[in-house]
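Some structures are shown below for you to check.
Below, chain A partners chain B and then partners chain C, in two separate complexes.
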Partner chain A sequence: MDSRITQFDELAGADGRTRAPYRKLSQWLAETPPELLASRREQAELLFRRIGITFAVYGAQEATERLIPFDILPRILSRSEWTTLEKGLIQRVTALNAFLADIYGAGEILRAGIVPADLVYRNPAYCPDMAGRRVPFDIYVHIAGVDIVRTDDQGFFVLEDNARTPSGVSYMLENREVMMRLFPELFALHRVAPIENYPDELLATLRSVAPPRANGDPTIVLMTPGQYNSAFYEHSFLADKLGVELVEGRDLFVRDDVVYMRTTEGPRRVDVIYRRIDDDFLDPLCFRPDSALGVAGLMGAYQSGNVTLANAVGAGAADDKAMYTYMPDIIKFYLDEAPLLQNVPTFRCREQEALAYVLDHLDELVVKEVNGSGGYGMLVGPHATKAQIEEFRAKLKAQPQNFIAQPTLALSTCPIAMASGVAPRHVDLRPFVLQGANGARVVPGGLTRVAMTEKSLVVNSSQGGGTKDTWVIDDAWVADEPMGQA
Partner chain B sequence: MRIRIRHETTYRYAEPPRTAVQHLRLTPRNHDGQHVVDWRIDVDRDCRLVQSEDAFGNTLHRFSVDGPLESISTVVEGEVTTFDVAGVVSGAVERFPPILFMRDTPLTTPNMAICDFARETTSKESGTLSKLHALLGAIHESLTFDAAATHSGTTAAECFEHRKGVCQDFSHLFIACARAISAPARYVSGYFLGSDGEDQVAGHAWAEAYVEDLGWVAFDPTHGVAPQENHVRVAVALDYLGAAPIRGSHSGGGGETLDVKVRVARAAAFSQSQSQSQ
Partner chain C sequence: MLSRTADNLYWLARYMERADFLARAIQASRRLAALPKAYGGEETEWESVLLSSGAALAFDASGRPVDEANVIEFLTFAPENPGSIRNCLEQARANARAVRTALTIEMWESINDAYLEMRALESRGVIPCAQELARFLEVIKQTSLTYDGGAYRTMLRNDAYWFSRVGLFIERADNTARLLDVKYHVLLPEKEIVGGSLDYFQWSAILRAVSAHTAYHWVYRTSMKPWLVADLLILRPEMPRSLISCYESIVRNLDNLARAHGRQGSSQRHARGVYGKLEKMNMESVFQGGLHEFVQSFITENNRLAALISEQYLF
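For the complex of A and B:
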């Protein structure tokens, strides 16, 4: 065990006394025979196979699709913990949005010298075509996935902001559905805040940002890159839940700056596109000319205000790992508030002193590529081999501006149920924040990702991570119930 | 100098497409070194030509047409007066600070070989302007003009490896080198008045780089010169893709062929040669 990492277990707490939100689960676990857990695990596996949730793994040679491991024990947050988190998330996403409106508009934060201009303008995700144009209701980030970790029971850290096309919400919804079938008795013991309304909230968000001509009855579509995309399952799942058409680029066309969908009854005008396709592929006339996934002329229609894209084009300029380091200043600048969620202390390798420190401490730090995602292009120092460290040293020296480094956080753990019994594993949390003309909100919970391997800190599903259902339960309910008998 | 330009682009399709969409960056704007006297743009199909301004301040025309289309032909024609401003571009529409043009794009990302070349070429020079002139000369010397060697998707790195290319490749290489020595640089598409007065098969391209205290300065690595009066500037961008005269897309159909005729001449001479050809 790495001695530098003293971990906080969300069930056991720092002192080994079961924390309040987990009291009933803990007691239930103590009373439940291991055979029952084993049979529920099998049932869970069967249910997921039947639903057919799979995940395409890039670069994997054998099965290109596989089941994401699911753990049957819920991760539990109390209502008061959630309230803090929720406020912090809304604050953060509001600031991300204000930042985008500013860097594509007046650029006040650049003139004030808070964020270096070169970091914005040289960022490949900054889209020059969006400069000087307004988006409907000034909303850029309609759907955000903010990755949260904790190291104690005092607060939450943001690990990463995802303002482009964050995925995972289908797992959040499916996990809940499976859990309700597997453990009705646990749901009877707890008052768990519902998340089933997420598709309704998402639909309301998308409707709220429709162009005025839609007259309150917009045609909304979900645009996918297609079945070979790693998140295709989610795209079709969400389209189904939202009750909107799932389309690919070839199902749409643009005529005189208006987007139409081909249907059996002829062309139908489209007002809002929830696009799960990256900026680069949206329109071959503006971005990559070789993109067969996009729609020629889409940007023209967008810029004419005839169609709303969610999220806005160029929203990625706010969420890269270099910009992340400025988030506390960004929140202060636009909202004049102190950040409610902390940032993980981060070394900007573009700065010489920071780089020198990082090169000296590679075995202790987590080094991330500024534009990487999904755990690709990342070094976890304490768990890396000598060769991996040297490889990163060379990369860092060649292009320091492409990297940031963070101390290895002692991510909190939660119990998981394995064949060999119940054991703690590291977790993070991705709540989904919605932002429309009708305000910002978060369904209570999110996707808990768990590193299934002992001591591993990498929770990404592309790297073998699993998921858990996430419960927000009423504190009052916990406190009022007498402990003891079930 | 008064320059007359006629530029005709025809796409023909063996199998007619159902619809087509095009973006045209074919309309020059004024700056201190050029004044657009008159300019017109014509598409030989029934369509609504929508004019707007793109990210970099270039004039953009967009249209979509329904087929079946056997061909689409676009003609731009007009006169521009140019002035010798020693390559310095002032009074142009600027939408971004120069730092944006330090940004790499897939077509202009310098590889190690380009970085080394840029550093070695400029090591003896002091000052950005003289470094850029050294690059201009060195690129003009080391590359051979060869229209068969490259295509519109050729990167600066690929062009540098083969040491061959067309004006687009020369310009991408210059941009990559300039950025490698920390000078913001951008791509310019436009027209060039050659000495022979013959019809050209394409428009021209060159580059602009930013020099502190001087502003944007034009460099034409294909001809190895700083543009004076013979260049008409139409569009600027990070690379060819952003400034391309025409970007189009069609659905259905196929077997596309492209035919371009560009005539650039001194205004008086132009009308004379035209009357002769009738």
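For the complex of A and C:
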């Protein structure tokens, strides 16, 4: 952590006085014996293991299924903080969508010189097959997971826009269920906004974008790469909650540009595919010919308008780290509004001046690959060894356009309960934004990811990060209670 | 429902049933093998367990000598034996994981709990002692009870349920038939029955392997006679592991599927055919044609049904 910046703890606040949303939790913690916390931690672990909520880590031997560490203390936002965040999220995702419709359509933002055309067209996530085609209801980003961080109690920063197949929502939902089983007394003290309607909202979103021929009763499926995928648990969980079939590529086939699934009663037509599989693997005829996960002919059916894919093919062109730096301009261009959520100041290494600055300050900055994800391919300057810094210096010089750099943010911390007691750890937040023909919405909460090791800033579950339940509580319940007679 | 889901459910049920049968067969054989030689406690018992569980070839290939410790280890924990309890459980769980959405939480938890227990036992890297083994076999039996009970009590009565029931009963019929096939020589009626026959403990081991030891006495109210043991396992409709009872269930569940899909197919016709034959049969005719021949042809017919089902439904 950069020592020049003061640490913001969401419970303790900048001045060490407990912040309003955490007052009741703080008091409860002070009154609760450590043994009780320890026993609840054990119960939580047991619950997660029994339910089988696991996450596969690539490359880790013997550990094809691992539990994501779960912290039992909630992360709390007040209703007014949430309202700000919610507006900002909807604004951002609306702009992302308008941007995609534009770059696969008229390309006005490129002609206006706001975003460099080569950055869009040379982006590996840009899908030339989608150019000049419209998707149902012009919706590209049906589900977005926007990563949010904060550094003080003023505002929120967007760290990343995930517009492809963001995961984590099952943990958001299961964390709440486990918390409700573990801490009924805490829920009685707070009025926590419910999130359990997320699957219904998702279903409504998916139904709203079905092709017209489905006549209001579309067949929806969730498409998974299969049970060895790291997020398979989430896929099966969501399919179950949505009440739709969980299909793999081999369960689907295309005939005359129509998608069918193989059922025990014969082929059944499919209208909407919520796909949790990357563009590259969707259709071996169109993308990677070696993909065994996809369905031959799927793109043809999609382009004929016979099936809706969520998210749209090529949506990744809007969420990479190079495009991120243009988001404030993109919001201004399409919505004529000032961005409600800030961007983290970012150096585009493709620009000469920025590159020079970055090379001079590698030990202070976080350098990210434009197309990297999951915390891989990233340099955290203040925590890196000399050798790692030199390795990145060489990479940067060779292909500057592949990198961006950001100052090391003093991510806020939240208390977590460990065997050794309660201590602060860095957190981020991934709320899930839904966008359909029926508008955009966010359930109040999200997945709080937490770096379980002291001082670590890496919250990714593939790198040992954990999760927390996230509460949005009514402001009225945050205020001090009236004084009574002593 | 998805054909793949039906396939997973069908195999999940088969693997669970197989693990249960293996656990019971091992327990029965341990009991028999622990008797003095004069009472039938011979090493050949372990060969017959290998045969009835279909693991004889794989065991030969392992080059281990046939003795109690080796056979039990091979049938229970050996990763290299595709039919070991551990592999059945692993396969069952892999199938269950693939169709989590088609299972109720109770069913999933019972499989997952047993799996975690097995992994904990394995993770120590030493061969479990006799006591741990005994406990593990109990866990497996318990798991199949909770799994089965979970299915019966919590699943919707739709094709997911029927497919998994069909899988269970096909596997159960196969297990009973294999057990009869290996032990048929002690069940033949021409054997001289004198009080305290050498084979007495063999018969009771057979009954124990299919949890019918007490049932025998309730059904026949007489001392143990080998042809009655065979009758119980083949033709008694009230005995849940008899071939006829398995087929009664198969026919019923396949009919439910056919009704829901609005179409009878070759699997329904074949199952009814097998059931009809069993209904018309009596033990005399079975023994006349040869018990061994009867069992072998039954196993073939049962496999034929499995093939017809996958042709008809699993596309």
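Keep this in mind: the second predicted complex is superposed on the first by the 475 of 486 C-alpha atoms of A that agree within 3 Å, B and C clash if a C-alpha of one lies under 4 Å from a C-alpha of the other, contacts with A are read in each partner's own complex, and residues count from 1 in each chain.
Basically, contacts are C-beta pairs under 8 Å (C-beta built on N, C-alpha and C of every residue); 3 or more make two chains touch, one makes a residue touch a chain.
Computed from a predicted structure; not experimentally measured.
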Regarding the shared-chain residue A:R50, is it in contact with chain B (first), chain C (second), both, or neither? second
What is the contact status of A:T263 with respect to chain B (first) and chain C (second): first, second, both, or neither? second
Counting only touches as set out at the top, which of chain B and chain C does A:F232 meet: first, second, both, neither? second
Report for A:P289: first if it touches chain B alone, second if chain C alone, otherwise both or neither. first
First, second, both or neither for A:V247, with chain B first and chain C second: second
Return first, second, both or neither, reflecting whether A:P400 touches chain B, chain C, both chains, or no partner chain. neither
Show which residues of chain A both chain B and chain C reach, each in its own complex. 250
Where on chain A does chain B make contact in their complex? 117-118, 121-122, 124, 128-132, 250, 253-257, 284-286, 289-290, 296-297, 300, 303
Spell out the part of chain A that touches chain C in their complex, as residue ranges. 49-52, 226-227, 232-233, 236-237, 239-240, 245-248, 250-251, 261-266
Residues on chain B engaged by chain A in the complex (per definition of touch): 19, 21-23, 48, 50, 52, 54-56, 62, 64, 66, 95-97, 99-100, 102-104, 153, 238, 241-242, 247-249, 251
Mind pulling up the chain C residues that touch chain A in the complex? 1-6, 94, 97-101, 105, 108-109, 112-113, 116, 159, 163, 257, 261, 313-315
